[in-house]
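Structures for review follow.
There are two complexes below, and they share subunit A, which is joined by subunit B in the first and by subunit C in the second.
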Partner chain A sequence: MAIKLPGMYGREVGEREGYRIVELFIGPQHPASGHMRMILYLDGDVVVKVDPDIGYVHRTIEKLSETREYVRVISLIERMTIIDACNVTLPYIEAVEKLLDVEPPPRAKYLRTILCEINRIASHLYGLGLGGIFLNHSTMYMWAFGDREVFLHLANMLTGARLTHTYSVFGGVRRDLPQGFKDEFAKAKRYMLKRLKEYDKIFYNNPVIRGRLENVGVLEKEQAISLGATGPNLRASGVYYDARLIGYAAYPDLDFRPVVGKHGDALERIWVRLREIEVSLDLIERALKELPEGPIINERFTKGIPPKVRHWFEKGFIKLPGGYVRLKTRAGEVITRAEMGHGEITYYLVSNGDIKPYRLRVVTPSARNVILFTVLPVGHTLMDFPAIYGSLDYFPPEADR
Partner chain B sequence: MGEEKSSRPRINLIKAHIDAIGAALRRMTKPPMTLMFPDYEEAWPEGYRGFILYDYDTCIGCSLCAQICPARAIKMYRVPGDKKMRPGYNVGRCIFCGLCVDICPVDALSYSYVHDEVYSEVKPMNMDPIDWTLWSKRIKEKEKSAKPKLKPVIDEDVGLRYEVVKSVEGEK
Partner chain C sequence: MEAEGERVMVLEQLATQTGLPEWLLRGVLAPLVYPGLGAFAAVALFIIWAERKIAAKVQMRVGPLYVARRLGGALQLLADGIRITFQEIIVPVTVEKKAYVAAPIFAFAIVAASLAVIPGGPGVYGFSSSVSLLVPFALLGLIPIVIAVMGWASNNKFTYIGAGREILVTVAGEVTLLASLLATAMMYGSLDINKIVTMQIRTGIPGIVVNPIAAFLFFVAALLMTDRIPFDVVLGEQEIVQGPYTEYTGLLFVLNMALDYGKLYALMLLFSDLFLGGWMPFDGVLLGSLTVFIKTIVLMLIAIFLRSVYGRMRIDQIASMFWSRLFPLALASLVISAAVHVVYTP
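Then we have the complex of A and B:
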């Protein structure tokens, strides 16, 4: 006897303590995040088992990258997480730089850090907005997506594109800091700090939201470590870990301290994201203050530029040499890591000395966090499931690659 | 399980409700940060990566743009009466990464501020070198179109504020 609901199919899958267990399909099209299906097993209103059905937006990015030259892979892997485009490509760039034995100039490292943090703020606002709409809190959704526009504007000023920046390239970055960026950022920071106080009032401290999120989906510290959770979800459980502490880009110079929560529930994960926006704003301000002078791309790539187009360097743009398309790395293997908005991303690059990667393995934060879906909602009611989903900031295109 | 976890300080329910409503009400007094798109267009910052424009006369036919294009939107063509290979452009495939502009050794390629065009067919989106040159001239005209342009400026109170500018300034 099947229960048919519009868009969902339920069927009985067995009995548990005399009650019938119903299988409930949510998705792959649902009103939030990307395409992903959740198969819930319900005992009455209580979730007894969750089966996340991933793979709806799998695009063979790892395999495709083996068929392209190194520089052409950058804009391909950006498509995993276009809302976080600098963070997602940076470890790949660093991996190839290690194989090319090229070091970016200090100014480029700082500029990368600035864009990474702008991306992180935009990504967290995206996650908070979706977290809001999961709970039918339309105001949070509108506010977060509106304020994200401020940071997309900053990224647009810096790189010339709102989302897929393709900003970091091997040996440096593609644009210098534009005129007036510092002033625009100072205004954006003051605005955002004001807004975060409003976010606390309307979302974090709102009794309606507290009622939905507090003590829901609690992830214990030991459990978070053993499941391999990452990013704000891990830090909300009280683990002092952030891939930025490894010290890539300009983070070692910026005295970075991660935000660590302690309760590990859905509300704490929202809190960590809100506080991380503050930390990111501070990091950008410090990076802008300490921004060293100098070139934005390694000298190795500026030597062969014809004098006719050298005027671009004075305007803060770059020109790439002709050999950039067919860069040959030395044979070897590199592992690089970076902290994205959603968590830690790992790249494993194998090169056999050709112009294309031999193998590029990517472990994305969402792919690591998807296991939390099988653990956290169990024992909660169906009503709590969207709250847990929203608090995890899961991004299907990133997990499926 | 919930009992021992509730160590978070409790909030004053009435105050929190009033704060939440108050925050929303205060925000209502502020102007919206919406760009009314079809009537107004955004004036993009300098160096915005829109459609790629091509100059046939400056091009030396080195094919670097076709080699670096990650989406294979640029392909090399034989043009009758020309010894060199020339690049053609497929707008439908372009991802606006702008790497072709960065690698062009003679500045034959440039960015435009336009990134929206409507096509009723697929075929005109795939342009050979001659078509691309003519199309680039048309897009350059479109850049100067009479539509009012608004420039986003960050505002400490509202977030983004749109200021009226006459036309897109800054030449390439």
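Then we have the complex of A and C:
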């Protein structure tokens, strides 16, 4: 006997606000939704409204960080974007350094910059790979993820961890540049430049891919600014803005120029990511060339170290003093910003002079970019939705925090 | 004409040995053994493995490896197939049960039936008719209707959208496919596939050389009809999960998956008969059949290789490509055929 379930028939067309529409739930159990749900309202094949339903991977990171000592927060907030671990923690570290009145030595600043750019390349490759599979271009997907390994290897060499390398710590970095890193990077750069040409051939200049991305999800310059879009998505719309221009870490010394697009369509967003990889490779090369000599951590933390473990420093490793866990900052509030692979991240740190943050507010780039989902797909067909999603390089765990 | 005599002899011998009527023997052996389901099963096993291996090679991966390591993971699909065959068939409460279960079986049976008409070698066919070229086309034309039933019966938004896409794609592709078939028929003045092959052998020139436009159109339309990348809008994983097949599990899903490969196999078999001269360099049953089989596999390999190069086209782009660019080309191929016909049949 058949069970009658009124209103459960998928083929029934609903009516909302006078329109006959199909309410399509994409996700969270869907091959191309990510850790979130999109509610699409379709009139025929045309998207009339998108309702991004976020929060599926909310881990209360802001609240949890109030319960941990400053140094233990670093490895927690890395979990927001493990693919971009240096960029996501750097502004927090700079915020705490401001409250501690500690300045990292120049060598540490350069090393941070190097790891940040390695992370940015890996993050862009991740985004490009997902952008490929959203168009069912499995070769781009596999190539990007395969070539990402090169940069994970470099990060591994530098820090000892592939993803969650808690590399930057208050006052400096954890490890010195290992021997042979420069040669390994030169190899990686040669390889990546060659691969970027191949990406252009198989993906960016592929007629099918161009047809899917050109004039799809156009974000006008004014609209991008008023919606608060950030990162490559903002620059693709022709806005000359990059948080790296405000000059943190070693960026002021490196003569950095952001990549800026024109049209702001999905293809342009992919283009900006591809070109930013080249820029990042140049930045790392310059940073390695101009890398100053000197200590890698502020002397304030190395003073109290017993001579027994001092030999670690000669090997380029930092053995932090026990008191490092219970650092006390002065009371105050700081705002810091940095440019991640996905866009600009902002930290607002409030301290009441305790060993733990009083409040840590994080605004991640994906949290800012999620609004684009409600704007860009409207008026396009259902098939354009994955193309737009892929071009935005949206990362749900980062948005949900 | 020697081939004609030999072919009759082989099956006649078999018929006298077994004591069965020859038509029955043909009607059973062709759709079930070669070029039918038995051969198709072998092709599917090989092609899906090759598809994964070729894509893996392009994409710097290994591909299937662990099942039959010495053969490069060639038996992976067999292992997967056995597992999925014994998997529970889940029938959701909201589906129209009878249509839901019957549709995949029916669709696959139609593909198998179309293999009864397409010759897989000299005299290796189930039935021959003076209009045998139209039979596979007509049978394959039935499948979108069954898929629409599938989408409707599954009672899910994704399947429903997928069924709509299948209809749209068929409308766009079928015209081009028919035009290229008719161009071939016109060229040789016959709708009989066997006769078209014999004409090619007699003239010594395969159809692809005489009318490359028709061959190209047939190939592209076949890609569209069988959901190959870049035309895989019906499956459309990133939008509609698995299209009309979303709600299926177990054996019914296997049938659906085999459906597209079956269609591809049938159409590529037809392609090698119509445009590559069928069993062209050979006359014997065994060598001739092997030639057709190898040609078909090579064509399928070309079709599956496109997966590593392209992404998915949008529906409106496919429709406009087929109606405004390929359909005029089809008319041009008809003009070529008209000219060739005059030369071939004085």
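Going forward, the second predicted complex is superposed on the first by the 379 of 401 C-alpha atoms of A that agree within 3 Å, B and C clash if a C-alpha of one lies under 4 Å from a C-alpha of the other, contacts with A are read in each partner's own complex, and residues count from 1 in each chain.
The rule is simple: a contact is a pair of C-beta atoms (placed from the backbone, for glycine too) under 8 Å apart; a residue touches a chain by one contact, two chains touch by 3 or more.
Bear in mind the structure is a predicted one, so any value in this text is a computation, not a measurement.
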Which superposed partner A:G146 touches (first subunit B, second subunit C, both, neither): both
Partner chain in contact with A:L24 - subunit B first, subunit C second, else both or neither: second
Which superposed partner A:R190 touches (first subunit B, second subunit C, both, neither): first
Subunit B versus subunit C as contact partner of A:I133, first or second or both or neither: second
Contacts of A:L382 with subunit B and subunit C, given as first, second, both or neither: second
Winner by number of subunit A residues touched, once subunit B and subunit C are compared: B
Subunit B versus subunit C as contact partner of A:I202, first or second or both or neither: both
Partner chain(s) touched by A:D45 [first = subunit B, second = subunit C, both, neither]: second
On subunit A, positions contacted by subunit B and by subunit C: 139, 143, 146, 202, 206, 208
Sites on subunit C touched by subunit A in the complex: 55, 58-61, 93-94, 97, 152, 154-161, 229-230, 232-233, 236-241, 307-317
Footprint of subunit B on subunit A - complex, ascending: 68-69, 71-76, 139, 143, 146-147, 149-150, 153-154, 156-157, 160-161, 164, 166, 174-175, 178, 184, 187-188, 190-191, 194-195, 198, 201-202, 205-208, 210, 214-215, 218, 263, 265, 267, 305-306, 308-309, 317-322, 324-326, 379
Interfacial residue positions of subunit A with respect to subunit C in the complex: 2-3, 5, 8-11, 22, 24, 26, 30-32, 45, 132-143, 146, 202, 206, 208-209, 211-212, 381-386
Residues of subunit B that touch subunit A when the two form their complex: 1-2, 5-8, 11, 13, 16-17, 19-20, 22-24, 26-27, 33, 44-49, 62, 64, 67-71, 95-99, 102-107, 111, 152-157, 159-160
